[in-house]
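Same chain, two partners: subunit A is paired with subunit B first, then with subunit C.
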Partner chain A sequence: MTMKKIVLMALAACLALGTTGVYASQADDINALRHYFKKKFPTVPFKEFANGSYALSADKRINWESMRDFPPFEDHVAKGEALWNKKFKNGNSFATCLGNDVTKVRNRFPHWNAKDKKVETLEGNIVACQKANGEKPFGLKKGNIAYLSAYIASQANGQKVNVVVPDDKDAQAAYEAGKQFFYAKRGQLNLSCADCHVYSAGMYARGNLLSPVMGHTTHFPVWRGKWAKKKGDGFGTLHRRYGGCNKQVRAKPFKAQGKEYSNMEFFHASMSNGLTIDAPDYRE
Partner chain B sequence: MELQVKPLAMAVVVMAAISSVALPQAVAADSAMIEKGKKVAFDRKKGNCLTCHQIAGGSLAGNIGPPLIAVNARFPDRDKLRAFIWDKTESNPYTMMPPFGKHHILSESEIDAITDFVHSL
Partner chain C sequence: MKKMTLKVALLAAMMATSGFAVAMDEDSYRAEHKAATEALNKAKKVGGEWRDSRWKKSTAVKVDGKKMSYLHAAEAYAAKGDYKNAMKYAGIAKFEGEMGYQQAMDQKNAGPRH
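Moving on, here comes the complex of A and B:
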């Protein structure tokens, strides 16, 4: 066989894969991380990664399990259910935008919107729905948006995360931008998300056991002890968390639901593909 | 004999006189720097070195970096140690250790003090 023929055949094989809708780079990233964490934590079963640092430490796990016995977020989920069932002034509701079957909402996000050429997130769509119906939009990081998101997510518990990057060069560029954001050093302390949640996963920063990126998004929104000590009621969205992790390296946080964080969520949530949704949850 | 002993004895007296003034002062300055360095190293808003390193006298330390013990055995050259703390990314762009001098996380005099402190470990 000539060299040219081999290359052409390889190309054909790639194209064939492409038509199945699996973006090769996304699949490679997921596989690479799975191997990496399997080697790093050989005794931790894959599905356990959804539990973050509690999969890595028996001590921390005891505390987490006792918090889950009497979850501090039951009222929040109930408030979210009421928001889901409430009619807008014009008679519509969130179901008008997101679909009547609430169990089929959480797992469609994040996804690529080919028409507007952007990543859509659940929280972004909640607010877009309010705007489209003449309702006052929720704040983006805590309060009602987190309650509603928690109720919607809880209705998808047990389903497996499956973020799809379609065969579309703009979608792929958004995924790559999100990946770049995750691996880029930033802030005065010059640290990337990956420094803490890939290379140092399983190690301690002070008393904090660093969680692996794989499994990061399965359980949001979360109730955090640390947030409960601040203003509000301890509950917050994934983008609130992003802002906190940016601030602790003394970088300026980006806007919740802005392009940077939405693109990152596209990449970040992909790394939890195959893990089970179990939301909301307690975190330290 | 007497003539030979006398200058020696005098030299001893002179040295003792000098040391009784100068030497304790030099030691005092050093330990003040080390004390200051320790404060800056442990301060969460300054060095916050305990996030990543175990250091004698500090509690609730992380383990991202190696424990800082017998550092002067690995860094006999104080300048090399100072350069490491000032900007480790120079020699390892992937390091997790923040570039304390280059990014103005600490002032030059704070870095001097931390270097003395770490060198004393």
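Moving on, here comes the complex of A and C:
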């Protein structure tokens, strides 16, 4: 038996036993979810999932399109642009930390930081940049952080989401932790994110049409009618939304930009791979 | 005179008994509060705390016009000497702590089922 044959046989045995592919990879999860939603919503084209529940209901879509004709968040994006261009006291700016080409910022996040062994998010990096330059950091859920994030995201519109989980056991553990968080039931109502946004997507929870998870992260930060009724200006980050979802199932929310939500963003954004960034946007 | 002494003695006995009962209630409440805090700490460790158990922004119970969590309501009632309600809300907080922990344990390996 030649060496080549031995190597091939060993490789085949490994594949047969599954020893090379025990880890449920990101690609497997994405494919499984796409297959699931294709079966659940056979008439909805893949790219439409970026539009959330507005891809599922013609009535809701009319309302959404009319909101987009005169977006209530244009001023916020302009404020974000001013923040991007503003120099820190030391002469640096956000571009010093995030890169001079603003069109290439949004799509780098979330990503795995192998050195610090943690998931990095855009908003987390904005705040880290301020701290590193002796500036007072923004709040993490609304206001300036959402304005700046919205401007940065708007400059990446049209690009395709491409979150990469590297071949690194810590990165995969973070991804798996995010995935577990997404699928775990929690709170007094004993509901998981997946209960609403996978299994019940397309159904109504009171007056709200539940959106599919695929496409969720493409349009954040968002301006929400619900948030506009409360304190603030209706604008908020993805982690603000996570906290809101947790509160709705009557679980204690976790800290924005903490490990739990950052890991979940890693998984959550991965599920939108291949969809187009279109941010900021209006949501109910 | 004898009748008067009897009345005073009876009154003293009643007051002592009620004081004893209040002390008993307070002890029971303190034990329940401690048990609730322990249960909630255990749930917190596994990320299983619920919204209304002791979260500062919870609006689950209204005490004197102020909205608060179950554990905070228990403390507010205890401060007013209302140990019946204090026990009730400490008990709910304890139950939620136990359930939150159990839920987090049950969901430890949660994943897709599609």
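In the analysis below, the second predicted complex is superposed on the first by the 260 of 284 C-alpha atoms of A that agree within 3 Å, B and C clash if a C-alpha of one lies under 4 Å from a C-alpha of the other, contacts with A are read in each partner's own complex, and residues count from 1 in each chain.
As a convention for this text, a contact is a pair of C-beta atoms (placed from the backbone, for glycine too) under 8 Å apart; a residue touches a chain by one contact, two chains touch by 3 or more.
Values in this document were obtained by computation on a predicted structure and should not be read as measured data.
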item	value
Simultaneous placement of subunit C and subunit B on subunit A, clash or fit	fit
Angle, in degrees and to the nearest 10, that opens at subunit A between the C-alpha centres of subunit B and subunit C	40
Subunit B versus subunit C as contact partner of A:46, first or second or both or neither	neither
First, second, both or neither for A:199, with subunit B first and subunit C second	both
First (subunit B), second (subunit C), both or neither touched by A:29	second
First, second, both or neither for A:180, with subunit B first and subunit C second	second
Per-residue contact with subunit A, leading partner among subunit C and subunit B	C
First (subunit B), second (subunit C), both or neither touched by A:190	both
Subunit B versus subunit C as contact partner of A:247, first or second or both or neither	second
A:207 touches, of subunit B and subunit C: first, second, both or neither?	first
After superposition on chain A, the shortest CA separation from subunit B to subunit C (Å)	6
Residues of subunit A contacting subunit B in one complex and subunit C in the other	188, 190, 199
Residues of subunit A defined as touching subunit B within the complex	188-191, 195, 199-200, 203-208
Touching residues (chain side subunit B, partner subunit A) in the complex	50-52, 60-64, 89, 96, 98-99, 103-105
For the subunit C and subunit A complex, residues of the former touching the latter	47-53, 55, 96, 99, 103-104, 106-112, 114
Of all residues in subunit A, those that touch subunit C in their complex	24, 29, 32-33, 36, 179-180, 183-188, 190, 192, 194, 198-199, 246-247, 250-254, 260
